[in-house]
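Here chain A shows up in two complexes: once beside chain B, once beside chain C.
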Partner chain A sequence: MAIGISKTLDDVGRSGNEPPAPQTSSRPAWMSQHLGTAVIGAVAGYAFGHWIGNVIAAGYPNPQSNGENDIAIVLALVFGVVGWLAGIGAFNYPLAKIIGRAPAPEAPEVGWTRFFKYNLDHKVVGFQYMIGVLLFFFTGGLWAMAIRTELLNPTNHYFGPGTYIAIVSEHGSMMMMMATSVIIGPLGNYLTPLLIGSRKMAFPRVEAFSFWMFMAGYLVILTAIPLGGFPTGWTGYAPLQTQATAGMDSYLVGFIVIGTGMICAGFNVAVTIINYRAPGMTWNRVPIFAWSLLAVSSLLTLATPLLATACYFGILDRTVLTSIYVDEHGGSNFLWENLFWFFGHPEVYIMAIPGFGIVAELLPVFTRRPLFAYRVGAAGMFGVALLSFFVWQHHLFDSGINPDMRPLFMLTTELISIPTGFIYLVGLGTLWRSKIRLEVPMLFCLALYFNFLFGGISGVFVSDVPADVTLHGSFFVMAHFHYTIMGGLMFAFFAGIYYWIPKISGKMLNKRLGQIHFWCMFVFFNLTFFPLFFVGILGMPRRVFEYAHNLQVWNDVSSVGAFLLGASFLIFIANFVWSIYIAPKKAPANPWGSLGLEWQTPTPVPFFNFERIPVILSDPYHYDEQDPLPVADLGGGLVPVAAGAVGSVDMPGEPGIEGTDPGGSNG
Partner chain B sequence: MSRAGKLGIVFSLFALAVGLVVFTAMSFLRTEPPTVDLAAGHQPGQPVHLTVETVGSVGYGVHPQWVSYLVKAPNGQWVQSTLWNLPAHTKIDVTIYQYDSGSPLRNQQVGQVYGTDGGTATLNGKTIRLVNSNAGSGVGHTFSVPSLGINVPLAGVSGNKICSAAPCLPNQWPHNEVKFSFTTPGVGQYRWQCFVPCGLSYLYGNGGPMQTIGYMGGFLKVVD
Partner chain C sequence: MASGQRTSGGRVAPHGKRIVGGWITLSVVFDLLFGFLVGPHLPPGRMTSSAGSQQFDIKVLFLAAIPVVVGVIGYIVYAVVVWRDGRPASFEPPAQVTARQSTRVQAAWIGITTCLTLGLFTFGTIELILPAGAGGGEGPAPIWTPASKTVLPIQVIAQQWKFTYRYPTYGGFETDQLVIPEHTPVAFHVTSLDVIHDFWAYQLGVKADANPQSDNVAFTTAEQLGRFVVRCDELCGIWHGAMYNYGQVMTKSGFNTWALTTEHKLAANTKLLPPFAWFYSPSANGAGGSYYGTNATYSKVQVYGAATVSPAQASKPRAG
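The block that comes next holds the complex of A and B.
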């Protein structure tokens, strides 16, 4: 193993990348800012914004005619978000700097209350994100239960048609918002510095800001329901968007808020990976998961501004009556559709790529083989990311676009299956003739490959113009993207959670409950979504609450599967609560025997991650070696992983920080 | 506290919280206009009298400025609802008091009467098959049931005196009286909708009341 670096440990030890030293806060406890003050700020901001909006615009003709003051609602939501951020303390530091005062000292906090505050520790933010995305996911899941309840019967209705489309729209929007951040939020923020040997993220304040914007987006999109919902689905098409009632404002503001958080998160992760890699962490040693995070960060940073801009235009049309999306006044509703999908299709890969990054990271651990064709995998991720900007018009094949454009976008769409195939084959190559350890994370990884096969191949069908003309807008498309996002991304997410929870929490999740969760989720996922391919081919349209009687059997199968799928997540929640809080079982230092750098750190991971900046010695995939050495020198000498010396750093006595578990094994 | 106790408390609180949230959300989402039952007590072979009115702005409720339909319940009260129970295979005699103004139609097709008994309706006592929306006060709304092939245009009211708060009474406000009959099919729910974009201040007039049950669209719930 060649070190291949010019700096010595002493050169890089505590210099250069040094985070600020811990300080003691002088702020009394009653003045501290936390989730409660954020909620108060949000409510106060909402009320203020609504009031000022009424002062400005209540007398205008539109509010006078239809009784709906969109200016007041948009300002209420915007000021609500500002109040939320002010309440949590996001503005304290920048405002102090602006007015020339020394910002109040910010101590690295310990204890459970830090998880409810504006915390700058990437590990705390990662855990906050994990709870946040689960909240998003379960809320969106409840909407899905409502959808499947309505579709139990073709003609006897549980909801009205307007309510049904509002629920579908809310479900789609929440799930898409969640899915953009489900990996990069919790695991990206928590693991990026640990994967690349950094002591912190590049911009801790930006990182914390991105999380609290993410949660603000959750609240904003929920306000759509009491405001009457919106009828557009998650795509928000104009002109339906422009003529919709007040719930549409929540959609537009919500996506701007979430999008701003996504841009911040993506920018921060990208800068961290590019600039904060430890000495010796050359590009061909960067873990494949970090490559996936870099690819997705690039997409987040480049694509999301389009969405925010498009939503801003929509807000202008709805509030001050511009005509950007109004055809008869010189605008174009096609502009929305193009701007939206120019973001929206990269968005699909924002969701897919990190899932593949996780499974590619985990496969070598559970097969004890080097990652097959590592460089091809990394190149495939960037190939997908690049091509994802050239395919968006396949969403508009049926919308009346110039027919001459359709073959071009059919071609680019089908081209993207090549780098996707690279990524897929990297996984299969690693699995080939390996001795697989069927631990719970590995089960989820294997399920991803099974599910994505259906999702990917059905995607080739709908990328084909003649097939898409028939299948567009049907449940076939719905089944396709649920197989890729739910069957791919969410299975990868749970693989990552089961894999890294021992590092994040220091506790092991119960294996038996994990296996039950997996099998329930896998079986019921397929029971829910596979029948939808049939009903889609038979012509059942999306977003319509009534359907033909002959499709009821498959719809009922799907609904029963959905209820059981929903119940399977209760097993995960039970496992999580049981294993972390009720009957915690201390995790070994390296329960999976991983070579990953993150497993060389103590558990819980200290505030600065590494006492000294590590020197990276190799990539983390040399599982084919007998008694491989750790991938990095942390300053304590090198001892083979098999000897149980991972995490050889003893941290100074910070409160709440433990040293290495000396009794830990590498599993 | 024992593990079982901790577990019980955590799960009880979790179940309670989720249950409360779901109950509240579902209660809110299932809020819809009341269904006015015109099938109860119906004598077989006898027609049912369905009396409705349209008003330019309902004047109360969540959206007081919105245009709306109202229906006269069996007890004589006017109810803002577009969900009506009707008996199956029965002649329905419809009377619509149209209190709203009108305008020329973008789609002249919906100016025709079709799908009613005899393919006609009466407008203030005169039999009509068509309302020329480019003459007079145009057409304000339609009563259209696409799955039954029914369409009846409701001619607009002329003049500046327009009723703007429901219920409007025939002896107090200018109106047009439209009558027609149709026969209900078998049991099922049949969507009906106004096809004249009349959502004032919404783009193309298609927003707001045009998209909301209880205002310009609803269901004929045909029952045994």
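The block that comes next holds the complex of A and C.
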């Protein structure tokens, strides 16, 4: 376990589940670092960066930025993030190491205060992420309702055009930032070690760092509002980007910050799944949800650096007047479009694949039969992930760049529907002659198949170049990707929340309220977005505040749907608060009768998850057997293992784990 | 591994037959209803050759999509109705042991989706190439062009937040009225003076990004008279939503009369304009934000398809 860097988490090889004894800290309590000190650090860093920017770049304002000094703004945001991280204590350990001092002892915390601190326990980070993404999601949702308010009437305006476009941009950017991490953050961090039988994530510090970067991104993108907003939407096209006022800096810095968090989170999950699988957890037994996390974390790690680079170029154009995206001086506006979408299209699948993983993981539980065509499903996710790097120019079909290559990009785009279809094959095959129990998570899973069908099919429409001439840039595209992200990913997210909350919190969410939440969300989601297909195909461009009078009825239906959809989340919040905090009802140990390894651990999950490294005996889909055996021996291999097991991780001092690969015994 | 889908003995309900039968029936019914009731009215209409080809394309896509939607949703509904177990917390396995995988089913699924995908790709490519790019922006040197050699070039100049149009064959006058003749292939040369815009003439079935410093060509041929809407379809700043105007398709003679009259009426203004070029650079030094022509100057012998302007012609700027 050479890569374990934390003092407290280093010794995962040892047995026992007690957290290491709290060590006496040399620091008094008032010096402890938490959310409050992080905010103080962020404010101090912002003020410092702004000051130093004005000192070094005095008299160097961007004339197009209302005389605002973009260098000062960028430095303020960067130092704000550094201050935020310093305030939370992210640098204590690495700095102590660099200067060669023994790092201050870090006792694992207990109690509610640990959720406001730089915590290295993947379960705490998972919960922090869950609250973080919900905060992100609800903030973005409020912007969405503001958009729909403006679009209630084609010519009467509730906001000025500048305010409106700032709201649209803020909504798009926040939702995209949130959606990249919505599953890999909370459920990925919480569940990855539990799914594969590990006692921790590979890099606990990277895991904590990714969360606090994620929240820093939330704050940075919100600073665009007091800075006057930005007018480019989430796509940030140059040269509009170069021309925009100071709010644009928040967008560029924000995506670099959130991108850094995404790279860290993806890297950590990928390494954990590859290297920390328990003995016996062969690739043929890895749960399909872990497969999806691996596919998505490869995308996060490989695609996101390009976004950070593109944003960095944008910052240079705006501050030191390089002209990387400025055509008149030798740059190219196509360069941003290419870089952005070369990241942006894998990003789209970053927001789809984890949803596929969740539904494929949950369907066998609620149909009591093995996952159909498991290998095809896993291959499908990787097929989607691989192909997603070869399709980006379908966003540019009418842009005039590379026009002769359009058939090629049409082909690669449409080829993605084949591996995506595997997900449907897995789902429909699993339903065949099963015993379907319509518990709340199952309702959300089936809704994903329904919604994503429209999202996927409308995707084929826009992938077709001649049809795209009419549909490109219209509300049809907007409805299309809301059907995939909101209708697919977010429904899968809530499926996962309802399914795993009994494991995470030890409490059951109220079933009746869950059903009401589901039906409201499902009906109002479709009420909001289905009309937008019509609106788009009838000629309404995206991101406009004025539209043709004959489209008002459909727009109003959509707006009413959006308000009701927003209200439906209040039911979820009420359910969450009521069932977990006000009138908690203890959850059964395994409420869904799942065979998953995560349900074999006690609730609440102990500090090191498993008393000993478990030995995996089979894949978790043996639902067709009467009284199936547990998928793992939690005795840590002390009990003889019939099939032998694979030593996929170096676990010093663990007896009985060396063995031979039992091969694909699950077929 | 034995396929669980195959049922032996008549005691098991014929789920497969029911599902397939229902699927085929419903698909045929919905496709017929859609094709005859909705098909002729599908956007973007039939005002031009490109709009007509897009309408046909969208119709074919719908006809292909309906069976898929009907199949998947029908199957899920059938499964939930027939195989639902309403008892809470009943964790026993289903009565029948079904297969974990089935080579036949998987191969069939992959084969069918692959054929469908490749079919749609072939169809889309043909529908892109034959109707001269189907009205989409084809960049500065289009290779899919109208058969006719008499193409009317019209330049679309987008700027924050307005469209104007220049007619090079009529002395290069610039107007904010877009008028095109019927039954004449038109080449829209779309460019921008500032940020990226997008020229979307909805009823014409034409869409092309307006990029600064570059020329983006889209072709169409009007087949019906009437008015159409032009909207900006790429976010270009705060007044993006207000960037639209209207255009008109006239008869050939009506158009010619209009163009000659307008050329004459605007002659004084045209003299003040920068010489006609395929794109313009707002000059940072020029007084009053004047423009200078670039080396991609307009030439009367512009040929679409094989080659663009020859260098010799390009070097000769033409006074407006």
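The working rule: the second predicted complex is superposed on the first by the 604 of 667 C-alpha atoms of A that agree within 3 Å, B and C clash if a C-alpha of one lies under 4 Å from a C-alpha of the other, contacts with A are read in each partner's own complex, and residues count from 1 in each chain.
We adopt the following convention: a contact is a pair of C-beta atoms (placed from the backbone, for glycine too) under 8 Å apart; a residue touches a chain by one contact, two chains touch by 3 or more.
Keep in mind that what you see is a predicted model, and the values were worked out from it rather than measured.
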Pick one for A:406: touches chain B only (first), chain C only (second), both, or neither.
second
Report for A:243: first if it touches chain B alone, second if chain C alone, otherwise both or neither.
both
Going by the contact rule set out at the top, does A:231 touch chain B (first), chain C (second), both, or neither?
both
Applying the document's definition of touch, where does A:285 land relative to chain B and chain C: first, second, both, or neither?
neither
A:161 in the overlay: touching chain B, chain C, both, or neither? Say first, second, both or neither.
both
State whether chain B or chain C is in contact with more residues of chain A in the superposed arrangement.
C
I'd like to know which partner A:425 touches here: chain B for first, chain C for second, both or neither.
second
Which superposed partner A:114 touches (first chain B, second chain C, both, neither):
neither
State which residues of chain A lie in both footprints, the one left by chain B and the one left by chain C.
161-162, 231, 239, 243
List the residues on chain B that touch chain A in their complex, please.
3, 6-7, 10-11, 14, 21-22, 25-26, 28-30, 32, 63-66, 188-189, 191, 199-204, 206-208, 211-213
Once bound in the complex, which stretches of chain A touch chain C?
161-162, 164-165, 231-233, 235, 237, 239-240, 243, 327-328, 333-334, 367-376, 396-404, 406-407, 410-411, 414-415, 417-418, 421-422, 424-425, 428-429, 431-438, 446, 449-450, 453-454, 457, 460-461, 463-470, 472-474, 537-539, 541-548, 591, 593, 621, 623-626, 666-667
Contact residues on chain C for chain A in the complex?
1, 4-5, 15, 43-44, 50-51, 53-54, 57-58, 61, 65, 68-69, 72-73, 75-76, 79-80, 83-85, 88-94, 96-102, 105-106, 109-110, 113-114, 117, 120-121, 124-125, 127-128, 131, 133-140, 142-143, 190, 194-196, 198, 200, 202, 205-209, 211-218, 229, 231-242, 281-282, 284
Would you tell me which residues of chain A are touching chain B in their complex?
61-62, 64-68, 142, 146, 155-163, 166-167, 225-226, 228, 231, 239, 242-245, 326, 573-574, 577-578, 581-583
